[in-house]
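The structures come next, written out as structure tokens.
Shared between the two complexes below is chain A, which has chain B as its partner in the first and chain C in the second.
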Partner chain A sequence: MLPYYLEICVVVLGSLMLCMELFAGRRSRAKIAMVGVAGLGVIFALLMFAVCSPGEDLQYWGIYHFDKWAAFYKGLALISTLLVLVMAREFAPVFKHYTSQDEEKSGIGEFYCLPIFVCSGLMWMASAKDLVTIFVSLELVTMGFYVLVAFMRRNVGSLEAGVKYLILGALSTGFLVYGIAWTFGVSGTFNLEELSVVLAGDDIPSAPVMFAFALLIAGIGFKIAVVPFQIWVPDVYQGAAMPVTAYLSVASKAAGFIVFLRVVDPFLAAPSIREPAIYLMVFVTCATLIYGNLAAIAQKNIKRLLAYSSIAHAGFLLMALPALGAAGTIAGPGPESAISFYLAGYLLMTLLCFLVLTVVRVATNGEDLTALEGLGKRSPFLAFAMLVGVASLAGIPLTVGFFGKFFLFNIAIQNAMQNGLWIVVFLAVLGAATGFYYYFKIIRAMYWEGSVSEGEVTGLKVGRLAMLAIILLVVAVFFFGIFPAPLLGLTL
Partner chain B sequence: MSIAFIILLLPLVAAASILLGIRKKANLSAYVSVASAGICFLLTLGLIRGSGGEAGAFTWLSVGGLELKIALEITGLTRGMILVVTLVGLLVHIFSLGYMRDDAGKARYFAGLSLFMFSMSGIVLADNFAMMFIFWELVGVSSYLLIGHWFQKNSAAEASKKAFLVNRIGDFGFMAGILLLWGATGEIGFSALRETLEVQTFDPSLLNWAMICIFCGAVGKSAQVPLHVWLPDAMEGPTPVSALIHAATMVAAGVFMLTKVTFLIIAAPVAASVIQHVGALTALLAALMATQQSDIKKILAYSTLSQLGYMVMAVGFAGFLHSGEAVGAVASNAGFFHLYTHAFFKALLFLGAGAVIYACHHEQDIWKMGGLIRLMPVTAITFLIGTAALAGLPPLSGFWSKDAVMAVTQNSTPLLIVGAITAFLTAFYMSRLCTIVFFGKARSQAAREAGEVPLMMRAPLVILALGAVIAGFEFAYGWFIAPADLPHPHGALPLVLTIIGVAGIVTGYLLHRGREKDPIRVEVLVRKFYIDEFYLFLVRVFQDGVAYLAKAVDQLLIDGLIVRGSARLTVGVGLLLRGLQGGNLQRHVFLFGVGIVIVIYLITIALG
Partner chain C sequence: MTIIDLIIIIPILAAVAIGCGGSARVLALAAAWANLLLGLVVFVTLVAKGGDEMHFKSSWVLLHSPELTLGFAVDGMSGVLVLLTVIVTFCAVRVSSGDLGKGSGKLYYISLLLIAAGALGAFCATDLFFFYAFHELALIPTFLMIGIYGNGREKVATAWKITIYLGVGSLILLGGLIALYVSLSPPGAPTFDIAKLAPSPGEHPLSAEVQKWIFLPLLVGFGILVSLFPFHSWAAPAYAAAPTPVAMLHAGVLKKFGLYGMLRVAMPLLPEGFEAWKGLLLVLLLGNILYVGLVTISQRYLDRMIGNSSVMHMGYIFLGIACCNSIGWGGAVLMMFAHGISIALLFALCGSLRERLDTLEISRLGGLGGSMPFLAVTFGFAAFASIGLPGFANFASEITIFFAAFKDAGEMGILQVATILALWGVVISAVYMLRAYRSIFQGELIGERYPADLAQSMRLPVVLMIVILLLTGFFPNIILKLLPNLFEVL
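And then the complex of A and B:
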């Protein structure tokens, strides 16, 4: 089976669901989400068993590449979309509250379809090795998100977030295109492989190349939320519906990172611009680590807290970048593997947290830390699941988050020993320690704060599918925290 | 599967079966846990008679040059340590059967104990840093669970949180140190590291930094200054837990780890000097603080801190250059020897304190006790034996090990003096404690009604008392440290130390005999040098300052107008428009532009 059939399958699935929404009766309309979940599951199985052929680098028409990274990130996109659909199904009551109680007018069926189309964009991004393809797939994803973020049309926060995301997103797109234009102007090519050959040449003028590099960083940095292009994150995360926030923070970030890695690579590999490029990357990394971790401390809204923590995680991920194309060898997994592993772990633990938060949000109608109070007594299992997710985000051993941080720190420290970039390691250690503080606030809220009176001790209602997803995610966080090899093996 | 693996895994099986299966049956859970501890102890007896070496290695993770192995290593010190862990562990399990008889969370408690036994055995048996670090974190978790056992009590919940967070600070340093070392040498196993250091030379400043980072881990776990603040608070946990975890085993893990990397301390003289001085400072400060506490467990906690300081100081001397040559393994052996004897008498003292607290209906204030020697003679006598051992009176175990430690400090006069002062203070505060609690007349109703504790609790006391008496003789330690490998004091040191010990005891007795409150009150010691207050202040400054700054950046610069919070939930397009007109979005766009300008500006700088 040809790899690009996967994207076609996803688009067909989305269209099918749209048709269901349009023509099917009330009862089958309720099953749209289930069709999406099942379909994505089948496509994931196809990816795993019918397509997957790592080792070879397949190319189609010069714009579509299929290598192990592409396969890995396509998998991440599929899994996260699937879980977001599960989450969206759980979130349906809140949607209806902010749209319309009438099933037909609420447009909830469309809400289930949009992530599918976004998913096809994410998968295409994973295969893009050409600046134009990257741009087009990136826009496909972003367009979908514009609608998703603003979907709760009677919620002022959601609308505000949508407008902000739209305008800032359009702005960043402008810079991205500008950067692509400069790159083309200097090198005469859109293809990243040809670009690396051209940039490695001796007679390359460094100033315009660096200018193009800065603009590209701004454009893609917006998607992965690194400082100073993170301004939209807290507001949009807080305003958007819970499943959309989860989707933004996981899938959009993961796909953004693979693109980021691919775009940065030719620049870092070019000897004449490597040094200033690293200088810029180190600045961005340090700023991201400081800003994300410090700003998270003061947050009381959980989504906002997770928004800042997602900025902080981007900072940890960036730590490994200066090692790209470095002269010395790194013992242990290389930067690409470490970043991919971290992102996969980040997917598991973040979606776990958001699934629990979705349940809490539906039951308590609150998104502040206070909404979690007494969860430890009301629903011990949900509280435990949240504890596991948060512990993993903080990087406690035996969770997947620990190994993620371990590999990244390993690279950063070895890198620092070669070129003396100790400041990054120092800030990262500080940031990780700060992380314990603000993640602990969540645990404290669940177990120690708020008194639940006897009458109130009722468990929260959880859908069967969501419960299954939570259980699987808890198991996965532990499993890959104890045996990281299977997951890591996919990235090597 | 070797014996060592069974010792490691059996408590895990017990913990898992309690948590997943028989949690509802509290008594059965307790017996399962005690049985696993008992079997582990018997297996340990078999293990320490066998030959050493590695046991059952299998690869856990192997990626491009990084290979993590699960492998157990049994060396001389490992044998001593595993015996301490399983023996004290078993006795504490048995003692707990009595102490926690009517506790509502009995099954949870015993599951926690078993989990702890698993993690602690893991630390002791680990043959590489990666595995040790994982178990290092696991003991942190089980300690956290056990300190917070009575989580309904706010102070217990706070204490467990404090212990956990303070330990994290140390652990980050520990991990950074491990990675540094691994980055420099490419090795992570203890024996492989030792061999590499022997044949290759490395940049000494790198080794010093790595060792200091690794020492941070020990500072956290063994509660050395400045991270000592969690240990006294950890006394909120049940007393048997304090005996096992916060006196005999877990807090000693830091010292044990240092003895395992003695070769590294020798190679890193600057770090060694840091270690010595941190240890000496802890020993002295903690002993001073212990003299003014009135909670029986807190006194013992500060005493533990102080003794751990002794051990750390001794181990640090391994890298001390004495006429051009490092003192070497002799010093760390002395530290470990003190760890070994201390485990017996400190566990004894804690369990004795537990018995007293149990008998006095959970009263912990020594000024409400008194005259207990008549009511509970077995507890009192065993407690006095423990006290004498801690004060270093011959021929009890503490005398021999303290001699060994002080013999090491004879290399450096200032530290020798610090050690001697600490020895005096130790004898003094213990004598104060015993005089007030066991002699004189009862000061409260609870103390008058006290009676001897049940056999289940007396038996461990007697066994540990026996240990406290004999552990310092050659037949009790010779099988893991050859006496020739221990330092020997010069001159009249043993005599001087004995005189200091006796003087401390006599002073303590005379000062406190028949008193109703402390004759000397030193505010700064009562308030523990205001260190907790200072940290609280720092945290507040940090939280208020930095968090305020972060929030200010967030809200003023980025949000512009307040459209957050409750307004978010209200439906109204008007607010949205106001938010837009108020410059909120414009400001966002402006800041985005500023970001681009910064990035481009940086590039122009970078390009020169």
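And then the complex of A and C:
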């Protein structure tokens, strides 16, 4: 089977769902979501068959690559889209509240279809090794998100988020195009492999290359939310519907990171600009670590808190970058596999948190920390699931989040021992310690706060599918937190 | 699956079973009983086979590069600490009051069992990674226990303080451990196996300078976890605010993790690193003994006083470690055991006083011996043990440590001077303990109520702990002879 059939399958699935929506009339749209979930599940199974050739790098038309990372990130995109659909189905009541109670007018059917198309873009990003392809696939994803973020049309927050995302997204696209243009001007190629050959030459003018590099970082930095391109994150995360926020913070970030890695790699490998490029990266890393962690402390809205935490996680992920191109000197997993492992773990724990939050949001109509109060008494299992997700985000051992952080610290400390970049390690330790505070605030809200009287102790309603997803995610967070090898093996 | 795997997994399984709807107190007690018996079996086996080698080995390789193994084993030192853990856990579960609300009682016992499992896993892990990971397991349960079930108005602030303090400490420690494994692993085969990291005698692969800088984060990290001066300020308020069983487990068992780490990891793997910081460590431990000792004297509340006394006694154990000979390290391990039991005993008794009285302010109590003779007598035993009077294991360990400092000492070095200064700590201990005892239990009864004596359910654990202290006090060799091997590394 040709690997690019996967993307075609996803697009076909999306179109099919759109047709269903067209002919559904006034009937319930929940089935459309189920079709999406089932379809994505089947495509994920197909991906397993496509993976079976390890070490291979298939190329099509010079712009589409299929290697182990492409497969890995395609898998991440599929799973996160699938879970987001589950979440969206759970979220439907809130959604209708802000659009229309009428199924047909609410547009909820389209809401189920859009993530599918975004997913095809994400999967394409994973295979893009050419600046033009990267740009097109990135835009496909971003276009989808423009609509998704602003979808709750009777909610001011959602509209505000949509406008912000649109304007800043367009700005970042501008940076990206400009960076691509400069890169092409300097090197005469869009292809990243050829680019690394050209940049490795001696007669490369370093100033324009650095300029191009900085522009590219700015463009992609928007997608993965690193400082100073993070301004949109808190407002957009807060304003968008819960499933969209989850989708943004997981899938968009993961796909952004694989592109980021692929784009940064040729620049860091070029001897003439390796040093300034690394200093630029270190600056960005430090700023991201400080900003994300410190700003998260004061947050009272959970989505905003998770937005800053998502910035902080981007900072942790960036710690591994200076080791790019120096692989082989690092004991343990290299930077690429550490980052991939972390992102996979991040997917599990973040979607776990968002699933629980979706349930809470539907039941209590609140997105502040106070909405979680008494959850430990009302729904012990949901509270436990949230506890697991949060503990994993904070990096408590025996959860997948700890292994992720551990591999990254492993790389950062070895970097520091070789190159003296101790500042990054120092800030990361401080950041992780700060993380204990703001993540534990969530735990505190669930277990200490709020006196729930006996009469009120009623569990929250959870859909069967969502419950199954929550259970599976809890198990996965623990399983990979004790046995990382199966997941790490996919990234090596 | 070996007996050690069982000891670690039983509390975890019991916690899961409670979470799934089992009867909390019954399951917790059953797990505690089972662990106590298994712990005794382990200890007896070690006595029979000798503590030189690792017994009950088990391992599952989880990763190949870096080599990561979920493996457990015990030698003499970990055996002693396992015994300590199962005894204190048993007593802590026994003294927990059973009348908590239905839903929250579950959380209470789950947290207790997880703290115990974390300590056991850390003491038995043969792998640096899991040695660290298991200790961290206690972080969230402690946070929840102090926050939900704690005492006093400051419990919220205290819960945050201990969590963040220990979080920072463990992250610093993690940094040091990563640097350690990277530098000491055989070339091309990174591993976390502590045995494989140990340098062959005589030839250390790292220069003294490198060892020095890797040792520092380890010292600071372990120091924070053990409440080494000046990183001690989290300890006393946390123990005062924590519910009784958590204070017992934390002060009695979990705190020993840092000391165990010094003896198991930092000292044998980085001997020259220690030499570089020896002077600093001696000053800091004197800070524990003398400065915190004086602070303890000035405490007005019984629970704070006991908490501070526990911080103070950490100084002696560090002194034993700093002696760098087999006598000192043996004394240190014995003292870890003795202090663990005696502080748990003190907190257990302090907890039952708190249940019966309106206040624990020492000057507002008096004459309680008349109405609670059993508690008064047992508290007397605990206080004497804590001071280090002969007959208790604490005495045996302190005297061993003091002698060890003078072993092979031709002239007065900094170690000897520090030891002489540290001797004054015994006087300080006597001052605050005896003063508190006299004020609380003797003299005129203050107040009108005659509080009831120690509850029947509390008597077994209390007597058990006293008997163990006396037994190991009269026959310290039970423990000491398990510990000869550690020290040949240097």
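General remarks:
The rule is short, and it goes like this: the second predicted complex is superposed on the first by the 482 of 492 C-alpha atoms of A that agree within 3 Å, B and C clash if a C-alpha of one lies under 4 Å from a C-alpha of the other, contacts with A are read in each partner's own complex, and residues count from 1 in each chain.
Keep in mind that, in the parts below, a contact is a pair of C-beta atoms (placed from the backbone, for glycine too) under 8 Å apart; a residue touches a chain by one contact, two chains touch by 3 or more.
Please read all numbers here as calculations on a predicted model, not as lab measurements.
After overlaying the two complexes on the shared chain, residue contacts for A:L22 are found with neither chain B nor chain C. In the superposition on chain A, contact of A:M1 is made with neither chain B nor chain C.
In the superposition on chain A, contact is made by A:I396 with both chain B and chain C. In the superposed pair of complexes, A:V475 makes contact with neither chain B nor chain C. In the superposition on chain A, A:I217 makes contact with chain B only, while chain C stays out of contact range. In the superposition on chain A, A:F436 makes contact with both chain B and chain C. Looking at the shared chain after the overlay, A:P484 reaches both chain B and chain C. In the superposed model, A:I413 lies in contact with both chain B and chain C. Once the two complexes are laid over each other on the shared chain, residue contacts for A:L387 go to chain C alone; chain B is not touched.
When the two complexes are superposed on chain A, the residues of chain A that touch both chain B and chain C are 331-333, 396-398, 406, 409-410, 413-414, 417, 425, 429, 432-433, 436-437, 440, 444, 447-448, 483-485, 488. Chain A makes touch with chain B in their complex at residues 154-157, 159-160, 163-164, 167-168, 171-172, 175, 206-207, 210-211, 213-215, 217-218, 227-229, 231-232, 234-235, 238-239, 275-276, 279-280, 283-284, 294-298, 329-334, 337, 396-398, 406, 409-410, 413-414, 417, 425, 429, 432-433, 436-437, 440, 444, 447-448, 483-485, 488, 492. Taken together, the chain A residues at the contact with chain C in this complex read 331-333, 376-377, 380, 384, 387, 391, 396-398, 402, 406, 409-410, 413-414, 417, 425, 429, 432-433, 436-437, 440, 443-444, 447-448, 457, 482-485, 488. Residues of chain B that touch chain A in their complex: 60-66, 133-134, 137-138, 141, 151, 157, 161, 165, 168-169, 172-173, 175-176, 179-180, 182-184, 186, 206, 543, 546-551, 553-554, 558-559, 563-564, 567-573, 575-576, 579-580, 585, 588-589, 591-592, 594-596, 598-600, 602-603, 606-607.
Of all residues in chain C, those touching chain A in their complex are 19, 62-66, 68, 70, 103-104, 106-107, 129, 132-134, 136-137, 139-140, 143-144, 147-148, 156, 160, 163-164, 167-168, 171-172, 174-175, 178-179, 181-183, 185, 190.
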